[in-house]
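Paired with subunit B in one complex and with subunit C in the other, subunit A is shared by the two complexes that follow.
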Partner chain A sequence: MENSKETGIKKLLENIKKLKSSMAASYIREGKPESDMSRAAVMFNNFFLHFQGVKTHLNTLRPTYTFGLGLIALFLLVFTTISGFLLMIYYNPSIEHAYNTVKDIRYVVFGGDLTRNIHKWAGEGMLIFVILHMARVLYTGSYKRGREFNWVIGIVLLSLTFVLNFTGYLLPWDQLSYWALVIGSNIAQSPKEITDILGITKFFDIGGFQKELLLGGTIPGKETLTRVYFLHIMLLPLFLFTFLGAHFWRVRKDGGLTKPDDFVPSISPEKMGGIFTTHKTYGLMALARGKTPAVDRDVENTVLSWPHLLRAETAVFMLTLAGVLIYSYFVSAPLKELAAPLIPENPAKAPWYFLGLQELVSYSAFMGGIALPSLALLGLGLIPYLDREQDHVGVWFSSRQGLYVTITSFIVGTAVLIGILVIVINFGWFRNWWPDVPQVLITLVNPGTIWVAFTIAWSVLVINRTDSTRMGALALFTLFLLSFLILTYVGTELRGPNWEFYWSRSQWPVH
Partner chain B sequence: MYQRFYTALLIVSSVALFIFTLMAGYREITPDYKSYKSEYRDLFRSKATGEFMKKKAESIDFSVQQVYLGKLNRIDRCINCHLGVENPLMEDAEVPFKMHSGNYLETHPVAEFGCTVCHYGQGRATNAEDAHGTDRETHWDWPILPLKYIDSACAQCHDQEMLAENGADRVLRGEKQFVEKGCRGCHKVNGIGGVLGKALDGIGTQPRAYFPMRYVQGDKTAYTWLKEHFDDPRSIVPESEMRIVLLKDEDADLLTTYILTIRADEMPRDYRRIRTGTQEVPGGEELYKMYCIACHTTGKYSVYDEIFKRTIPAIMNPTFLRVADDNQLRRFIEDGRANTQMTDWKEDAAGLTDDEIGRIVEFLAKSRPAKRGKLFGRSIFDGDTARGRDIYETRCALCHGEDGMGGKNRLGISLVTPVVKEADPEFLLQTVRDGREGTPMIPFGSSGINLSDQDILDVVGYVRTIKPTASPKE
Partner chain C sequence: MSGETQGKRKFSRRDFLGLATIWAAVISGFTVLAGVFRMTKANVYYEDSKKFKIGKPEEFPIGTVKQLDEKRVFIFASNDGLHAITSVCTHLGCIVAATDWGFQCPCHGSQFNSDGKVIAGPAPRPLPWLEVSRHVDGNLMVDASKEVKPGTKVKIYL
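The block that comes next holds the complex of A and B.
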């Protein structure tokens, strides 16, 4: 019995000495990632890393392929979540204290102002990067070959990002919050326009119901704040993280990011050790669709994720964090006067990312607030199902023709949309021409519906001319992106008091 | 792969992150008030004599201090820069270290009252710009109150007599202006007053956005707005119908001080020191000033009003009073005059009680001559309207217009308004015969143009038949 010679105390001291190495070894069970084997093991044995493959295709690492957009959106979510936790320590969701606690966060909480800025800008940054990520996925055709439903999940995530930002905008309970809430609740009420036309509002007031559901009353008040807070910190994040998990899981199951079929690396990859051999069998968990490295071809175009992918990811992480910090250092999140129900902001504007919609709402509340955005989301969601051509996946704009279609759509779309806006701004619409025109006609025929009809017509025309549904998808998405940009710009910069047109904010009549 | 690119990106980002983390941290640990505190400590040290004071100077707390005022629902952090308000050594120091003037803090200790309850401003803020809140971009609705209006803050808790006794008489003097310039002739307060202007309830606590700041020259605050608006209403609100009632700059400041005491909120009971005394019942003359003087001025002469575009009648004119008896005066006041700016003053409209109207009538009647005019003795209009028309066109149309509408650039009043249409025959007949002293309306009877009583009957008969050609303008 050799062990009997050692006393318990001696064993304890021995263990204390080895504490550092034994703890490290228990965390990274396969030893330092020095060999290819342990580098692979570090990926698949780590909970946080196993969402990624052990090996990464070179195309994934190509900066000009993804631009790291989805990753940036994810990191922004991380930053906004962490800063949100910090804000929750001080913020009090009651109409008596909400505004005051936000003021305290600004003035006396250590780093409070910076934390609030980070929370705000990371949150709004998410919007931008989620949309850019969506554009990247579309323009590289990455919604194909089994990824169709993941695109739909992406649309859900986009919507959640919008709603999360909007609910956050309401929490400080300042004038911006209050009047954004008024506008939001009026949009929720806008189906009334249709039920009024049909004369059934008395029996079936879906608009009024939606408004009361959001506000917990007929005007924004303490019930509203409770609801909005619950949505912002609990329900919506729950959905967001759940769908995000599904989003990543599917990317992994679909064999990682898309790549061109005829990928030729511009640089010769390092020769990798033989982790994947053609005759190895895999457990079910490791099964993924697509061409895995195991299928002989393309294996030479992969590198080990540790360190290559992780280095790239860390770089993007640092870039994002630095970007958010620098922006937040210089630009403060807005905080206006305390909410005053009797003093309307003029113009009362929704947050900037909804101003495109608000421009549409100014033509017809129902169309702009409910029908057209729903149609846009539906249209986006259907893209993978309407375009089922399976070639040219993983190539920006698919082909030279795709680039041509995109640019043409952009130019034609810009001209048509600006044309429509020029008409509306200079000459008004039906109501100005024939004051007695029935509302149903304006609801059905207004600049918003005409524009949507044009986007559909143009996409069908493109499909007809090119004999390719992929080209139609490029055209449709380009027009969508374009209208988001132009309408948001018009709503933000060119609309002043009473939603009238001004070339710039400096020309607004000073109140 | 792309190893160099990502490594470079990582290094550049990390360096930027590092630098800005340091910068943000530095900004965080060096707020403005800390430099004020160290400056104050040096000043305190140099002034302190004696062991105790020296120790006090050394023990200045550099962390943020605040006065929490639960009942007032406030947190005041002003004392982080205004450090010497309670320190007698700082009597001659410069702002912000200067000791508070007077002995106010003896009866209003900072720990119990804070600062913003009297001075307003944003108590929670910890930098000068946001705390004072004068700049519009600070988005604070109740900026720091200029000292010339500070008396208005006292009135939150103290009655005016007490203030006047203690040297803060500006509120009382302001109220005198308010009453004597007849502000309530157009503005309601507590439901009583005219309807031509906005009600003034709670105006002292209205958020800044309530006041159109476009033409305000000074700070864009409610205080400056009120002051400049009193100097010249139409320079601040071009379409305003308010008359320029003040002559002196000083009066405008006083009136501003008083207006700021009309607040929507009320101090907690523990803070209030309002003595309940018997309210003095205002007499007829005072009521006339309060409600009538803004338009009718002295009441002796009629005036063509450039803003209302009409002539405001001379209601204390003897010839008017001779034809209008007390009951008629009371009816004019109670029901107002349709289609004119004259308000219905009765209790369920502008809010004057029967008693108050009675006192105003009594005051007006003092100017009535003892001798009544000779009566026509008519109770209906029965003149020959065709003849009356001829007389009207030669004698009356010049001032009252062919259409009888009076109006812009004409001396006469409109004859198609209910004022004329519904008047008693005797009232109209005598007015034409005897004229209206102090107005362009000359006597058309024997003492002037020398029309016969029948002529007058005919012309008044005709006037009654004139129909408005278009809807009379306001």
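The block that comes next holds the complex of A and C.
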């Protein structure tokens, strides 16, 4: 007994002495990253790094291939998440206090204004970069060769990003929040336009159901804020992170990023160090079914992810952080007056990224608010299934012809869309011409539906002319991007009080 | 597979139990889901009653045009009687403003004539006329949940 007690204490002291090195060894399990072997092992064994391959293809590292757009979106998400946690310390989701706590965050809390700006701008930045990332994926044909499903996951992520931004600006309970809720909930109710026409609203009021589900009542009130808060801080982030996990998992399982079939590196992989032929650690990964970077062709053109990929990622991270900080330091996130349920602003405008939709909604609530956006998401989601050509993957615009189709679609689309808008703005629409026109006709035939019909017709025409579905995909997506741009511009800059047309804000009447 | 044991019976007990389990799971899943969605709709809302008093007839002399902000209605009194029109735009719910010629919505430019009929913009329906009645205590009442035919006026001047 005596003996073992002594040795026990001794052992303990010994362990305490070695504490530093033994703890370090448990954390840095593969040894210091001094050899290719240990660097590879870190990538493989560390939970946070294993989302990436041990080796990375040189094409993936080309800045002009991905422009780091997906990564930027991811880092922006990280910033919104952290700043969101901080905002939650003060924000109070009740209609009595919400507005005042946001004001406190702005004017009283140390660093509150900056935190709020970071949250707002990183969130809106996500929208921009998710859309740009989607464009990169589309124009490089990266939705092909097993990546069809990941594209669909991407569409879900895109929708979630929009809805998260929407629920976010409802929280301060200012004029913007309140009237966005009125308009948003009535858009949710707008299938009534259709059920009314069919005369089935009494039995099947899907619109009314959706509205009350969002509002927890028939007008925005305290129940509404509770629901919106729950959506914004719990349910939607949960979905977003879950789908994002699946997104990254699929990128890995689908064999890493796309690359051109005839890839020729501009620098020799040997020069970048660690060509990694002596230690065959990727033997293990060959066991995994499906494609992995290691079993893909073209192993010669890969380099170790540590340090090459990680270094590039860190650079993107630092640039993103710098951009968000600088922008948030100089530009304050807006906050309007306290919600006034009886006095809508004039014009009552949503934030910029919804103003394209608001323009469509000003033609028909159901079409602009529900049918056309759903159709757009559906169309985007179907692209990889309607275009199954498997060549020219990993090349921007696929070919010269692809570039030509993209540019032509852009020019023709711009002309047509602006033409439609000029007609609406100058001459109005059916109701201005025939005051008694039935509502069905306006719902079905309005500038929005005509434009969408044109985009479909144009894409089919392109497919017919080029005998290539890939060209059709390029045309369709280009028209989609362009409608987002132009309609957003019109809604933001050219619409004034009573949603009337003005060349600039300075011409708005003052009352 | 199951055909081996008994030629005629395509469906083994195991298959049956398997299918039954799956269907039971699916059906109970949907039932729970229906319950969950039903739960989101409370039986009572924290909202003002849709039916409210607007005052005695004497308060509305002929020619009155009154906007009751809180109640989201306009009250008009003319020779033919009194009527109430909602101030909630039928497009997406903004509050319309009364003008010389009718009503103008600030949000997406819907315009209505003085009877509430849509004359421009995206509003799919005319502004509803609301039921006006007389309460036993002599007050006039408006029921915002009951629409009446446009043109229906309540005679209040004898």
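The rule we apply is simple: the second predicted complex is superposed on the first by the 463 of 511 C-alpha atoms of A that agree within 3 Å, B and C clash if a C-alpha of one lies under 4 Å from a C-alpha of the other, contacts with A are read in each partner's own complex, and residues count from 1 in each chain.
Rule of thumb we're sticking to: a contact is a pair of C-beta atoms (placed from the backbone, for glycine too) under 8 Å apart; a residue touches a chain by one contact, two chains touch by 3 or more.
The structure presented is a predicted model; accordingly, all values stated were derived computationally and were not measured.
**Student:** Look at A:343 in the shared chain and tell me whether it touches subunit B only, subunit C only, both, or neither; answer first, second, both or neither.
**Tutor:** both
**Student:** Touching A:358 in the superposition: subunit B (first), subunit C (second), both, neither?
**Tutor:** Touch partner of A:358: subunit C, not subunit B.
**Student:** Could you say whether A:474 touches subunit B, subunit C, both of them, or neither, answering first, second, both or neither?
**Tutor:** Once the two structures are laid over each other on A, A:474 reaches no partner at all.
**Student:** After the superposition on A, what does A:194 contact: first (subunit B), second (subunit C), both or neither?
**Tutor:** Neither partner.
**Student:** Looking at the overlay, does A:219 come into contact with subunit B only (first), subunit C only (second), both, or neither?
**Tutor:** Only subunit C is touched by A:219; subunit B is not.
**Student:** Output check: A:103 vs subunit B and subunit C. Expected answer is one of first, second, both, neither. What do you get?
**Tutor:** first
**Student:** Have a look at where A:395 lands relative to subunit B and subunit C in the superposition and call it first, second, both or neither.
**Tutor:** It touches nothing on subunit B or subunit C.
**Student:** Just to be sure I read the superposition right, which of the two partners does A:487 touch: subunit B = first, subunit C = second, or both, or neither?
**Tutor:** neither
**Student:** Using the superposition on chain A described above, determine whether A:318 touches subunit B (first), subunit C (second), both, or neither.
**Tutor:** A:318 sits against subunit B, while subunit C stays out of touch.
**Student:** Can you give me the overlap between the subunit B contact set and the subunit C contact set on subunit A?
**Tutor:** Touching subunit B in the first complex and subunit C in the second, residues 343, 345 of subunit A appear in both lists.
**Student:** With touch defined as at the start, can you tell me which subunit C residues reach subunit A in the complex?
**Tutor:** Touching subunit A from subunit C are residues 37, 40-42, 45-47, 69-70, 72, 91-95, 104-109, 118-122, 124-125.
**Student:** Okay, in this complex, where on subunit A does subunit B touch?
**Tutor:** Residues 58, 61-63, 100, 103-104, 107-108, 110-111, 114, 174-175, 265, 267, 269, 303, 308, 311-312, 314-316, 318-319, 321-322, 325-326, 329, 335-338, 340, 343, 345, 509-511.
**Student:** Spell out the part of subunit A that touches subunit C in their complex, as residue ranges.
**Tutor:** On the subunit A side, the touching residues are 179, 182-183, 185-187, 190, 193, 196, 209, 212-213, 216-219, 221-223, 342-348, 358, 361-365, 369, 428, 431-432, 435, 439, 442-443, 497-500.
**Student:** Which positions of subunit B touch subunit A when the two form their complex?
**Tutor:** Residues in contact with subunit A: 1-3, 5-7, 9-10, 13-14, 16-17, 20-21, 23-24, 27-28, 64, 66, 75, 77, 122, 124-127, 130, 139-141, 207-210, 212-214.
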